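Chain lettering (A, B and C) follows the sequence in which the chains are written, and residue indices restart at 1 in each chain.
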Amino acid sequence: MSNTIKAAPAAQSPEFLTPSPVTRRTFLGYTAATTATLLGVKPAIAADELNVLVWCDHADDKLIEPFEAAHNVRINVKTYEGTGTALSLIEQSRPGDWDVLVVDAPDAPTVARRGILAPLDDGDFPLGDLFSPLTSAGFNYVDGTRYAVPEKFGYYGVAYNKEKVDPADMRSAQVMWNDAYKGRIAVYDYYFPTMQLIAISMGIAPDKIGMDDLPTIREKLLAMKPNIKIIGDIVSVQNALVNGDVDLILNGAEFVVSGLMPTIPALDWTIFDEGGLMWIQGIGVFESSNKKDLAKKFVQYILSPDGQGRLATSECYWAMPANSQAVLDDSQKKILRWDEQAGFLDRSVPSTISQPDIDSAMLDIWTEFLQS
Amino acid sequence: MFNRISRFSSTSYLLLALLFIYLPVVVLVLFSFQDGLLPVFPFNGPSLQWYEKMLENERLVESLYNSVLVAVLSSLLTTIIGFLAAYGLARHSHRFASGIQFLLMAPLMVSYLIIGIGLLITLNIFGIPKSLVAVGLGHMVINLPLCFAIVYSQFGDHLKNIDCAARDLGASDLSTLTLVIAPIMKPALLASFCLSATLSWDEFIIAFLLSRFDVTLPVIIFEMLRAGLTPEVNAAGTMVFAISMALVAVSAVVMFFNTRNTG
Amino acid sequence: MSAKRDWTRWAVHPAVGFTLVFFFLPLMIMVTVSFWQRIYGKLEATWSIANYAKFFGADYLRDSLLNSLEVTLITTFLSVLLAYPLAWILAYRVPPKWQKVLLILAVLPFWTAYVVRSYSWLLVISENGIINATLMAIGIIQEPLELAYGRSATILGFVHFFTMLLTLTIYANLVQIKPSYQKAASDLGANRFQVFFHVTLPLSIPGVAVGAFITFVIAIGDFITPQILGGSTEVLVPQAIMLQVSRAANFPMAAVMSLTLTVVVVIVYLMVQKHLKMDRI
């Protein structure tokens, strides 16, 4: 009792000092409320946060909001392009900073061997529903342990404007050096798939590229430079194609044009007759995460039919979901070329990352290519 | 005759220059009102949908809040220590005065990018996490020389006399500084605050290198640029432009009254 | 009294301390790290000049420095060339009461959001952009001009921004020149051109020098403009630095490039120093 009496004046003391405390408080409250409304800061703050390091397709609110609402969690998204960039960001972080990683699935073993990814249990994920070429590939396990689950896939080939090019030319990898497209080509800036496409055009499988092959690949890469107008990230090359500054995007396919095709029907894409090159995104949980359970739930959500439908059609780029049960309507499936996938998959091989020394030599050649 | 030609060519040059200067701004603003999914020609007529979408974007609105926070706090601190330094240098004949001046102005010679990389490497080596605080410190580094220079250039002999007079009348150091000098310098202080806030508000590369999830508005806009082609970017860019202009207008008004008072 | 006086002597210390800790210390650390090595994804504290040797030895890295210098010098030159007449017209041809308004009007877009400035230019100069659309509509050209991407697009983006900045510094300088000098020269028989070349121009050099120096410093360290407008068919030093940081976390190499850029700026500063009065900025 005495405590209450003592405490009360102390708590109220500031109000004794002002002539009209109620007015002031009302005013302050009003100001605060207005400010909060203006700033759109909601008073209810999510109980938890999940930090995800992902490709830009995971930044779409349409994809992450259902999970945030269901688990009363806030997802912090950091986007990157290219495994090297992800590793660099991880290196600049502290343990516990990150919970979920999306990474090119063929790179997952390399990342896992660095101790970055946590082991996953096959039983937690709908592996049976995934397209089988994804789950049967070698990169799914490291010494029998799974570290990442395939979640989305597509191809590296060519995307183009039907009205500006001869679609027949697009079927061959020789288009890279075709004089008809001088200064009309954009290259999606990802070094090893571009060089692997060159290798495929020479009859060398991506995983068979050796140090001895690099001088020839370098020569061929530099030889295509006169045809190149711009080398850039996904949106830069999209921008160039949409604005008419280039007629085709090399090293791109569905992921650079599918989202645009409903608006601009003249856009199309294909894989090369010489062979298709597949990209496969994987998703996993950080070994250093303090919220592995929640992180796993996020991975499960992304792999669920609902999450897969949203991921396949997300803002940054559309592409095939890994899960064959993904919730998609017919028009979306048509754009994704759902029915043609069997044929594409038959003709394609996954793009895999090379040994560290070859990889680093490739990056040097790429810098030289940019500069040439 | 000569005059007429001269006037004609002057006017044409002026108009052409203004056309050149305004072309990208007009296109940026125009396509923020695009009624369609892509910010490219043709223009489909006015719509506010992208502004609505932008204001519904929680991350963007939050980054707006972060940007204001960083700009206000870093500019406030920069203006205070810049003012103190200018006062100290103006009041006393320092042995190292020109050395100190050079030291304080030195960051002007180094690109924002390099200041950012330097701080990034430092954080990394000492294992300090990136944060908005780091961004604010970076902005203080780039703005301190400007704040110092603006305030210092306004310290004339008459202020030295006023300073002496205040002391002779018995004012303490602190009250001379806060009650006499600071009010006289108010226009310069406000101008340096506004300039610094404007630069911090629109700064990208340091914020990009040193922030984690709590990012500033320019970083979010850059990420939007990389995440898809959308007129929402135009809307966000237009908003940043509008707020910058408001800040510039405030400092211009302050400067205007300043020159009228002293001149 | 003397104890009191000491208190205000400390007034410069917060600023000096801040600059030492948050500017000079990182710079020193960068110098140190530039001699380190990145071996198998780990930083090794060594004293090796291998990074410098690689930067200046490999054509494709050294070229980035040459590209940067060329682009920046062309930018500075063109910006002065465009801005000087504009500032001159504002100062001498526009009635005084309109000068301030027109000046503000001419530099307002300076504050266009930095990250979208270059992107806005893309919307202007691309093949479906406003310039090509207009020229084709009025029949001046049949085929669109290829303006976007490449060095000239980067320079265009730069020149646009710095023309405004230089107009400001040159105008500020021109209005400080006492009209009596010009009048004296014409009284002595000098014609308009002689007055301009022998009086006005020499007296306006400080304004040009300050603006040009700021242009040089900002342009040579800018990442976004070449990244968005240049199309990456050539790489400038800031892009090379960002490639090292973001793709490889190779801080030693990034440090070498950053320091090189800083040294270049310092050399330029020493060259133009006598024309610079920093307090005019």
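General remarks:
We take it that a contact is a pair of C-beta atoms (placed from the backbone, for glycine too) under 8 Å apart; a residue touches a chain by one contact, two chains touch by 3 or more.
Because the structure is predicted, anything quoted here is derived from the model rather than measured.
Chains that touch both subunit A and subunit B: C.
Between B-C and A-C, more contacting C-beta pairs join the chains of B-C.
Distance between subunit A and subunit C, defined via averaged C-alpha coordinates, is recorded as 35 Å.
A straight line joining the Cα centres of subunit B and subunit C is 16 Å long. Counting partners per residue, subunit B has 40, 120, 124, 225 as the residues that reach two or more other chains. Residues of subunit A in contact with two or more other chains: 92, 239, 242-243.
Multi-chain contact residues of subunit C (touching two or more other chains): 123, 126, 128-129, 228, 245. Contact residues of subunit A toward subunit B in the complex are 39-41, 51, 56, 59, 61, 76, 78-79, 81, 92-94, 97, 233-235, 238-239, 242-243, 259-260, 263-264, 315-316. Touching subunit A in their complex are the following residues of subunit C: 40-41, 59-61, 63-64, 67, 122-123, 126-129, 144, 146, 148-150, 228, 231-235, 240, 243, 245-249.
Contacts from subunit B toward subunit A in the complex involve residues 36-38, 40, 55, 57-58, 61-62, 64-65, 120, 124, 127, 129-130, 212-213, 223, 225-230. Taken together, the subunit C residues at the contact with subunit B in this complex read 4-5, 7-16, 18-20, 22-27, 29-30, 33, 82, 85-86, 89-90, 93-94, 102, 104-106, 108-109, 111-117, 119-121, 123-124, 126, 128-130, 133, 160, 163-164, 217-218, 220-224, 228, 238, 241-242, 245, 251, 254-255, 258, 261-262, 265-266, 269, 278-279, 281. In the complex of the two chains, the subunit A residues touching subunit C come out as 80, 82, 84-85, 87-89, 91-92, 114, 183, 189, 225, 228-232, 236, 239-240, 242-245, 356, 363, 367-368, 370-372.
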